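Here you go, one structure.
Letters A, B, C and D mark the chains as written, and numbering starts fresh at 1 in each.
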């Protein structure tokens, strides 16, 4: 296969689909109660140096209680796939990221990420490999399909491709140039959902982002859910299941798990706390103070909710209009 | 602010809004494009099909979405799917307009939102492509909304995050990008620009109210082609401003 | 791109994704009332020689009233993508098929298709290009993605590949051999759904087969629906929409549109009529008699329903258990 | 039919059923495998994860599905998706067992369900691959259920629809198929066969009740390897037959 161009970016995680097959074969297919706390899930399934990914869009449906626990446990040298706003900013603020497959890390309308700037410009993040949003999602899709690459027409002609690890080839059917994206297999995927049963069958309301793809691209998958429901509720609406249980290693009950982000139909975004973070993230010192307050200073997600305050959380719920 | 006065964001929103025809598909990103799309639906384009990156198709933008994946992006939508369905819809040729932004733009409409300086030792690390590269690769016509000054409008961007016409005529096709796609308009608080049909270089089409051609040229760090007739972009109308202020952004998130 | 092996089968429909883009650009994006009868839809959108495809699984959710109308109008020389049971058998029985991208045409538990045998063994079907079920679905998926091919690991090493138009290459990332499947763009796709609005927004209950893929791979798409619902019903549950209106050219209200096949949650399969067809299909003469009775002998789908009988249709509905 | 007697289909169903362990994934096709899976769930494998090609995962097979996409294939399932999600799940290595059938099989387990005779001028045109090739390519272990006679068990199939071990040891991997996959068992009314771990040729493991090794050999059109010890496959038990007749196939669609 003649390669006409290739990006100079390293493959931070090589796409070995045969090894992934063997891994998946060994995952238990039994219906096992996988409920545990954030602390147990992160301790058991994330190692220093792991390649991890979060699924979300902006601050919507972030697995934030899991990300907070990663920071709390002092996991480090993480390699991260990123499209992210607040949650990746927290990881960068905690200085636990070593390498990034990056598409977008920023604060949306609030502008650039101060933490990304500090970590990359200082060289503490050693590697940034560039992709587009769909590029990263397609890389998950390739892994989810069980193939080592997908051909797409994004990224062609750009420096985004030049600083990626994609390759350009000529289509053997049409002669069109295609950008080949290598499959991205995560060591650990983190997804927050509306509901899951204790085995890990998970359902999401509204748009689904790239949850199906990331879940299927993960060697280990930690699902947090606003609510744990009986399996019969899942079986009554199997069309809604976007993650079948056998993909899942841990199920964490996490009400307000996306806070300060939002969860559609359940609670709105906590704009005040987002603004507090934007301010805090401006210096290393204030960043540390923020992390101290919201992560190290609280034992777990229940304590975090207490710190944020029942009234404030109730207000965020009350802001949700009818459908 | 009275109906006669308006702020820079209001101007950008109204100008961008008028670029969206009725019964057309538009890929809508966070910020100004959301307000412009909502305004367009309430003005001249009730059937504008707003398409949001993470899955919303054909939402009714009664309430202003604040971010690209939040519930208002699929409020009473005709479909709510996921990012790949949306970008594949664009890749398949279904999405006419796409909105873009960036820290730098060059005469061929190439955009940088990745780094200032060298990629591996950046002076400023910017957020990265996000959906920008996808929009700029697949949508038929892209509209960039920019702040207009000579540090942003420059001869050569530090990094081509999102392809415009790349090195010029034919370069997109040579790179394998879909034929007949590319930059269409650049909207700023100073002007509206297009691209010369042959040379694919940026061309001044209209100045914003109260702005002179000289001011536009002064704030552009490369030679700007001039349309045969440079128009005056009409200011926001009282009706536009009323709807924008009373309906689109009641809570003054942006205006 | 070095091709290590290629199937000898012709590309019955070439994968020109740029032409497909231009076609899709011109499709109207306005919300237009697209309701029409089977006769109008088939007359307006299917030409002799067109490449068509139906979406279904077995006899489930067949666009049968549309297929019957194709036969009734004497469309001919069709090129067809097939995974099919009763509905493709009817097209073959009517001798209107010239070329097949075939994965499976048979009668499931009732065995081989007599019509397929007659048409292929006689040479009236001039071309059979072989694929697997997923192979065909992935070919639609490639077109739906807007790319000219997808890499997969099906078909490798087999004569199925040898008599396909797939190609084998070496993955430039891993060195693994991959089967590349060319995108399959239909001139006309036919899909039967549970509900649609008059613009074409369509929803399906239960599993969704390859409806999303085929709908997105069709230049023209005819949707028949058990029920036409107000758009507000669609907008209240946008997650359920599998086909957005802008893909659709015609919306046909067709209660019992899948008969004698079934429609999950609405009516069961008409086993007696399937058996009647199995018997009839054994000779050309009895095949013609069956087509005469159920297609040429009735004016339209309403007359067909009358022929089958209200009581029998009511019985098929009554056979559906609770969910 | 009494509990002591049983018909050939009942024998095949019971034999296949016993090959499905609890808490395992199995790709279930139309016919015998559906009955076998339902029986297995009601006997020794209540948590057998039945996976159906067109989207059903983990259905509870209270009622017997009659076709691969009908409602019973996702009755109280944990997920109901579509064909590509299912086959990609197999391609990703999640599905342990897959069931196959065909008109011809060779010593390496290659299966033909496409044509008898030449492809372009066939003597008999058969249905084609269907999901067979996908199952045979991606599942870790495939089980073929066949009618057993010397016109079907032949040295060389007319057409390899679904790959077995192809030309022998290493051939699957050379063709690019996933490592460590391939034919596992062949179940017939005469015998249960496996494959020699080195030569990958079909090997007699057990005879069905009342069948002699000679009868098996006589009805096999190629040289069948012999396991060191040929077992006697136990007949269907009274309990199996009761559940099969009273619960699995109450309406006698198959038995």
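The definition used in the following text is that a contact is a pair of C-beta atoms (placed from the backbone, for glycine too) under 8 Å apart; a residue touches a chain by one contact, two chains touch by 3 or more.
Every value quoted in this text rests on a predicted model; they were computed, and no experiment measured them.
Just to note, of C-D and B-C, the chains joined by more C-beta pairs in contact are C-D.
Chain A and chain B, compared by their mean Cα positions, are separated by 28 Å. Here the CA centre of chain B is 40 Å from the CA centre of chain C.
For the pair chain B and chain D, the distance between mean C-alpha positions equals 57 Å. With touch defined as above, residues shared between interfaces to two or more other chains in chain C number as follows: 17-18, 145-147, 152-153, 176, 178, 206-208, 212, 236, 239. Annotation for chain D: residues touching 2 or more other chains are 56, 74, 80-81, 84, 91, 138, 178. If you sketch which chains touch which, the pattern fits none of the simple shapes: not an open path, not a single ring, not a star, and not all-to-all. The list of touching chain pairs reads A-B, A-C, A-D, B-C, C-D. Those residues of chain C that touch chain D in the shared complex are 56-61, 83, 102-106, 108-109, 112-113, 116-117, 120-121, 123, 128, 130-135, 137-138, 141, 152-160, 163, 168, 176-179, 206-213, 262, 264-265, 269. Here chain A touches chain C in the complex through residues 1-3, 11, 14-18, 145-153, 167, 169-174, 176, 178, 180, 182-183, 205-208, 236, 239, 323, going by the rule given at the top.
Against chain A, the residues of chain D that register as touching in their complex are 22-25, 47, 49, 56-58, 60, 74, 76-81, 84-85, 88-94, 96, 138, 140, 178-180. Interface residues of chain B facing chain A in the complex, by the touch rule stated above, are 30-31, 53-56, 63, 66-71, 73-74, 80-84, 87, 91, 114, 119, 121-134, 137-138, 159-163, 166, 171-172, 174-178, 253-254. The residues of chain A lying in touch with chain D in their complex are 17-18, 20-25, 27-31, 143-147, 199, 201, 212, 216, 231, 234-236, 238-239, 241, 244-246.
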